[in-house]
Amino acid sequence: MLQHRLGALAFSLVSVATFLLCSCARSRSANDSSPGSEPFFTPAHPTVANAVKEFLGWRATPIQPIAFPHNKHIANGIACMVCHTGVSKGPVAGIPSDKLCMRCHEFLASDRAEVKKVAGYFNSGLDVPWQRVYGFSPSAHVKFNHAPHIRAGVDCSRCHGDVTNMTVAVRAVQINMGFCLGCHRAQQASTDCVTCHF
Amino acid sequence: MSHCWGMAVDLDRCTGCGACVIACQAENNVPTVGEEAAQKSRTMHWIRIERYYEGEFPNPRVRFRPVLCQQCDNAPCEPVCPTYASYHTSEGLNGQVYNRCIGTRYCANACPYTVRTFNFFNPVWDKPLHLQLNPEVSVRQIGVMEKCTFCIQRIKASEIQAKAENRALREGEPVPACVQSCPPKALVFGDLNDPDSEVSRLARSPRGAKLLSELGTQPKITYLQRDSWDGPNS
Amino acid sequence: MERRDFLKFGVLTGATATLTACEKPVQQLVRFVPEEDFVPGVATWKPSLCTLCPAGCGVTVRIMDGEAEVVRNGQRGILKMGLAKKLEGNARHPVNRGKLCARGQAGLQVTYHPDRVSGPLKRSSSRGSGDFQEIGWPEALSEVVTKLAELRSQQQADSIRFVTGEMRGHRRELINQFLASLGAPAAVQFAPLDEPVLRRANVLAFGRAAMPSFDLERANYVISFGADFLGTWNSPVAQSIGYGEMRRGRPGNRGKFVQVEQRMSQTGANADEWVPSSPGSEGLLALGLAHVIVKEGLRSNPTEINSSREVEEKLKDETYSPTQIATRTGISANRIERLAREMAAHPPSIAVIGGTPLAQTNGLFNALAVNLLNMVLGSIGSPGGMFFAPGASTVKEASSANQSVDFVAQVLSGGLENAEVLFLDNTNPVFAMPPSWQVSQKMKRTPFIVSFGRFMDETSVLADLILPDHSPLESWLDDVPESGTSEAVFTLAAPAMRPLHNTRAMPDVLLEIAHSLGGSVSEALPWKTFEEMLQASYRELARAERCHPTDGFEKFWGRMLEQGGWWDGQCQIHSPESPALEFQAPEFVPPRFDGSEQEFPFYFQPYVAEAFLDGSLAHLPWMQELPDALSTVMWGSWLELNPKTAEKLQIQQGDLIQVRSRHGSLETPAVLNPAIAFDVVAMPMGQGHAQFGRYAAQRGANPMSVVAPLQVEQVGSLAWAATRVSLSRTGRKGRLSLASGALYEQEKELELR
Amino acid sequence: MAQTAEQIQRDLLRPVLDPSRRAKPVIAGLALLVLAGFSAWMYQMYTGIGVAGIRRPVFWGFYITNFVFWIGISHAGTLISAILRLSNATWRRPITRCAEVITVFALLIGAMFPLIHLGRPWLAFWLAPYPNQRGLWPNYRSPLLWDFFAINTYLIGSLIFLLLPLIPDCALLRDNVTGWRNKLYSLLSLGWRGTQKQWHRLEAAMHIMAILIIPVAVSVHTIVSWDFAMTPVPMWHSTIFAPYFVAGAIFSGIAALIIAMVFLRSSLHLEEYLRPECFDNLGKLLLVMSLLWFYFLFAERLTTWYGNARPEIAVFWLTQRGPYRHLFWVMVGCNFVLPFPLLAIKKLRTIAGTFLASVAVVIGMWIERYLIIVPSLSHKFLPYAWGTYRPTWVEITITAATFCGMALLYLLFSEVVPVVSIWELKAGLREPVR
Amino acid sequence: MSSARGIFVLCSEPDRTERAVNALLSAGLPMSDIIVISSEPLERYRFAELKKVRMPWLVVCGAVLGGMGGFLLTSLTQKGLAIRTGGMPVLTLWTDGIVTYELTMLGAILTTIVVFLVTARLVFRNHLPYDPQVSQGKVMVGIASAPDALRDKIAEMFKAIGEIRE
């Protein structure tokens, strides 16, 4: 964490100054030809606080639209891969769409408040706007592929903690590059940078 | 056997159509920068088609030459990077690790081919153009250098696939986006460690030459020179 | 959870498991897959069809699941759906064999364009003001239905006009059936790249109104008269593939390629020999070449012509001797003779014509002359020659021959003003026609205009009602490629992804309108959806053609959707089916130009821009930022002129130039081009849009604004290369984004001195 | 030297002890401009490095020009003062500190530029080698890393070189002020008493430092030159670069010193101390460096022209006849044509003459750095990728602000401590006249 | 405090200083105990002559240490570095040399300052008597701890030279 502390010091000084001096600086679109466009990425961070947070790796705890109880589902014998279908096939484990939820919940526990919320989304033709719990910041420029890890026998809990005891999934494991590298070194997996960064 | 990815560019086939440019842009999330930035030559294309005139009217000639990262064996960009953001991968490519890049732009200066592009601003996609982004490639953020990777994501995907199927990579697998799209098949990609691959065969062609070979960068791209017609069997 | 419920769940999950187990391996072409079956993060490839130019290439779409922000039932939210991520050529498609040009790949951005019309719009203030209000589909449709019903009741159905862009396959079929059921005249196509002149010439020469195909792979000698066949013309991907093979596909045998034009095109840049003839003299040059071949008896395998004796006699006439035509064409007699002998000595050889020579007032002569040269060379319907794609015969081609011409005639004869209802689909005549024809003003007088436009362009903005069509990737598509293949091909594609916006497919809208109208109209169009119509129609076609499936239509249909269409896999290069060619040697007609040489010293040649075609792709940011192959300009328009000419006029690269003709003027920056004739200036088409989304609007200048309204003789289409202009400096610098830093690789500065 | 010790002390302490001088508006003005530069930097940081004019292929522009320039200026001091100390030149006594201060401040400003020019300056600490979980170290093969080490060493060295002889003067100040300033100077004087042992150790340490600092200074600008020479860029990849840069650095350093001295002399009324012979001597040095610079320029140009290698000659003609020709000839004028007569003719080698020559040299040397960087980058090997460069207001503001910053720091420094070493002058009084 | 207190005299000019020093020497005090505090180095005088310092040798040691540190930093990094470089060298002797050189110099510089601070008794040991008048050009001569027996004698001698400080 040394680099973070050092950096934090430097950056907070700078960002305070930025805040004072550049309060008038508007976010500027690189495509000048497109006034009024709503860019997917802002030219820099939307706010200074935002930049500092990302730099320090502080992430807000995601607040899910529906309090999904992982423990109850797992206790009922539903394995991770039933919903997170992509985990053994591709890069992304995937979060199921509400259609999958409704396959059961159309008639299972359909009177519960949280289930009603799912049904509400389903009926509106939209999906539940789940918030990411893990995932990397864009500036990490990292591409993680689940499938080879599953094939190599890495247990889900290795990176995601003991989900059997969680209701809403929480970031139980701090995944950073040191975490990845530690495992890769131990398993003698490739530590070539382009294994993950491209 | 480790791979050594290389490419051959047949300039006698290349028509300068630009299909490779867009293929690359689509595959690798290369942003468009807009007119003002383009005027400052800040476009981000990883592959460009150089156009050179020769002679003057009424006898002009034009040569096209697609130029992308030459993936030099002896790359000037690599040693100058203070943070190892540009480095040599175990398969011999000139890797560019975006998250390690602090933006000194030294590599871009050192590159004699001027193929590196820099994110002067964060890339912008007007919604919903961002939906076209390829999730297999990172979107490079402000202040980092980027360049052609030989579609490393496709190479990695092929290798993972082959490993899952417990086999070696086949000829013609993987294929970078530019090679895939090239209508006159001017671009050929493959493993230079395999002497029977088409790219190895073409690399041995007497028409073959390396770009700026006098600099000793030892590029992995061979350019097959354009011929002139002097008879039916030329 | 109770035990009973859990059992139910078990059954369900079991079902899911089975579903996933029997799922097809990834990365194979699969037909439209419902979203639930996507493996997150893993790409699925679906076949589709490129509609951006008339070539009709087959594409595959990489689909991956993603989260799109959509509006559903008035509620904005996230929807997980399959999203198109990339377009690549369909490897199995006979036209483009896995390859795709830059434009085709940028087709992706049509779907995701931020300025797509996202729902039906109704004009809310005066015409052309661009003020629209959003309305719902039911109101929008009822408005059209009311209007049509009213016209039908007043027996005025013949005042319905339907103008489409280049369109083949069942979309056109449906439109025409729809119009026919209403009792309205057939739809008219207006596509600037339609080449009506060449079609007319092909009708006259071969009895075929189709665009020709070329067997470049086996040709040893190719001479092209102005055709940018590697860049934009006809079926560029197919032709580029063939070109590559001609050059390097046959070890030890490299074909020669000669290009005749005044301004070096991207295609010309690849030529082994570049012949700058004077504008409009291409036909004469072709006849000169034919003269030498006939006179010197160099023909090895001439195509049989019924009237060959007369034609031969005519060709032998001294009028076409190289010495006679040398001054007119600007090509020395020696060179003409050498070229003629070369091409005769290296069969098979092909002559191609397209682009500028066809846009001269004597375009028809030029086209006929080149057709004759092909006959003399014996390249009609033989391997290594020119031929007509076999698939084209299955669809009615003749009717399309002069569609654009018809539209021109309609505009000029007041057909637009007389229309009560005007339907517009995928065409932009206001932009592509010279202002002196006053399309916009005439359209403003049409009482009711309905546009199916996906984008607000110069024509759609005049509409009363905009019923936005799906993007091609969201639609059912089918096509019969007109050229570029020696196999019979039907391309068919299901939607590759769900619609992003509140749009509806134009054919479905027409069907819905028809059903609302009821009665005979409804009966004539019995299908609920376009998909149904396609199925029904292909059931017929499958029966009619040799492709009749042995394992039932359903399987056949499934296979078609899986591979992106049907093709017979048999190379069929044969002569046109007309019994024997009836052919008159064309009479030389000199080209006419608008404007006097003294006042307007330069020939003005607009050309089809590699990135924008006729302007229909100017709204795509990828295309705007694609450096032009020769000028390397991005994000703007420009005028090309020879450095010597520029020096004489004291014009420097990037200077803003005023280009003036008798019919208008425009301002655009100058770009020096050493490969353009001294008296020719060239300008790309496609920029200068007043409206067309944020990336195209108010960018550059439209060359049409100076083009004189001359027509090609005996055809009637616009002769867009027949204008003369004058140049003057404005004293300002233009906005010019150049990708290239230098014209020459070896600067003259470099010598030791 | 007619002064007495008391007089020296009085004269030199006056600027520090008597703050009621007119410098305040000047300081305020300079501070405002520095603030403008800082704001421009923050704006750049906030919006992105793209607000600068750099582009492909000219990825380095004003910032690196400034970097090289200021590092060059920093050679004024330490190097000159060290050489003069070692050679025991008596006329050095009044000027060593002026020179050493330039070094420290120029180095601080120069070292800022690599940070300013970074695409992601907040990650600059990755240049330092420190153990981390990622197992990543900086790349010791990169000249930028050598820069990191060299500049840090030089900065520490020259800071010490400046501060060591400042200790007795701080002690002197400590005894002359009261209140918080007394506390401040007590702190700065580190408990200095002035025992003969301390004096002796101080002189010994200064002697060692003078020996050490010379090779460090040479290495710093050598390495700065290698930032360029290590890359295959036309006209950069040159063995002459290291001595060329070092010579240029000393050249511009002396010029900066003369300019600073002229201002100090008039504003602090140090006419008695910064005497014309100082300028005369420095002028001679400057003349030597000007000749040396011209010699290097000629050697570089001649070999390029004679070699006639395609990429190099393109850059050559670009500067000679192309769009950079004006700058090129201004540079030659400023660095040689103008200073040579001013410095060579004894009559002209007055304070005004050397000042004029120095101003020209500083301008000329800035242009030299610009002409080394920009034309070469804009015309690399593939002509299609040739380009241009034009600075934006951000770069210009920041550049201007650093000049103001230099002036401001210098001014503030001269208000806080005596800018001429009092004890050294006093010691000089007792020096046996040789 | 012990009974041993310091006794000093403020001399207004160096010649008197010499007298004071001589007086102390004549009182039997060794040169090393005599403290002369001045606002400038008094190199010309006999009392200024001190034995040769070991500072350069210490600096050389520091340089060697710095150099070794630099070399170890580069070479150990090379060993410990997990970076894959595809066969490219992580380090080379030539570039090692540069970093080693810079760290050698840094070692020397830091040693110089540390040795100076320690041997000049700055920062760390700071209990010498002082008089601000020194900075007015006076020179203070005396001893830090004079035995009581000698104090009076010294004081007597100093009286003639200048103001006495205890």
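All chains are identified by letter, namely A, B, C, D and E, in their written order; residue positions are counted from 1 within each chain.
We adopt the following convention: a contact is a pair of C-beta atoms (placed from the backbone, for glycine too) under 8 Å apart; a residue touches a chain by one contact, two chains touch by 3 or more.
Every value quoted in this text rests on a predicted model; they were computed, and no experiment measured them.
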In contact with chain A as well as chain C, sorted by label, we have B, D
Larger contact count among C-D and A-B belongs to A-B
Top of the farthest list for chain E, CA-centroid basis, is C
By Cα-centroid distance to the whole-protein Cα centroid, the innermost chain is B
With centres defined as the mean of Cα atoms, the chain at greatest distance from chain D is chain C
In whole angstrom, the CA-centroid distance of chain C from chain E equals 89
Chain centres from averaged Cα atoms put chain B and chain C apart, in whole Å, by 30
CA centroids of chain B and chain D: separation to the nearest Å works out as 42
Rounded to the nearest Å, the gap between Cα centres of chain A and chain D is 49
So chain C residues touching two or more other chains come to 41, 114, 621, 635, 694, 699, 739-742, 744-745
Residue numbers in chain A touching two or more further chains are 28, 30-31, 33-34, 37, 43-44, 91-92, 181, 190-193
Within chain D, the set of residues that touch 2 or more other chains is 47-48, 50, 123-124, 126, 135-137, 139, 141, 145, 382-385, 387
Seen from chain B, its contact residues with chain D in the complex are 37, 40-43, 48, 50-52, 65, 67, 76, 79-84, 87, 100-106, 108-110, 112-114, 116-122, 142-145, 211-212, 215, 217
In the complex, the residues of chain A that touch chain B are 28-34, 37-44, 91-92, 138-143, 145, 147-148, 151, 190, 192-195, 197-198
Listed in rising order, chain A residues that touch chain C in their complex are 31, 33-35, 37, 72, 76-78, 82, 85-86, 89-95, 97, 99-100, 103-104, 107-109, 121, 124-129, 146
The chain D residues in contact with chain E across the complex are 5-6, 9, 129, 135-137, 139-141, 145-146, 149-150, 152-153, 156-157, 160, 164, 167-168, 171-172, 174-176, 190-205, 208-209, 212-213, 215-216, 219, 223, 423, 426-427, 430, 432
Chain A partner, complex, touching residues on chain D are 38-39, 42-43, 45-48, 50, 122-126, 130, 132-135
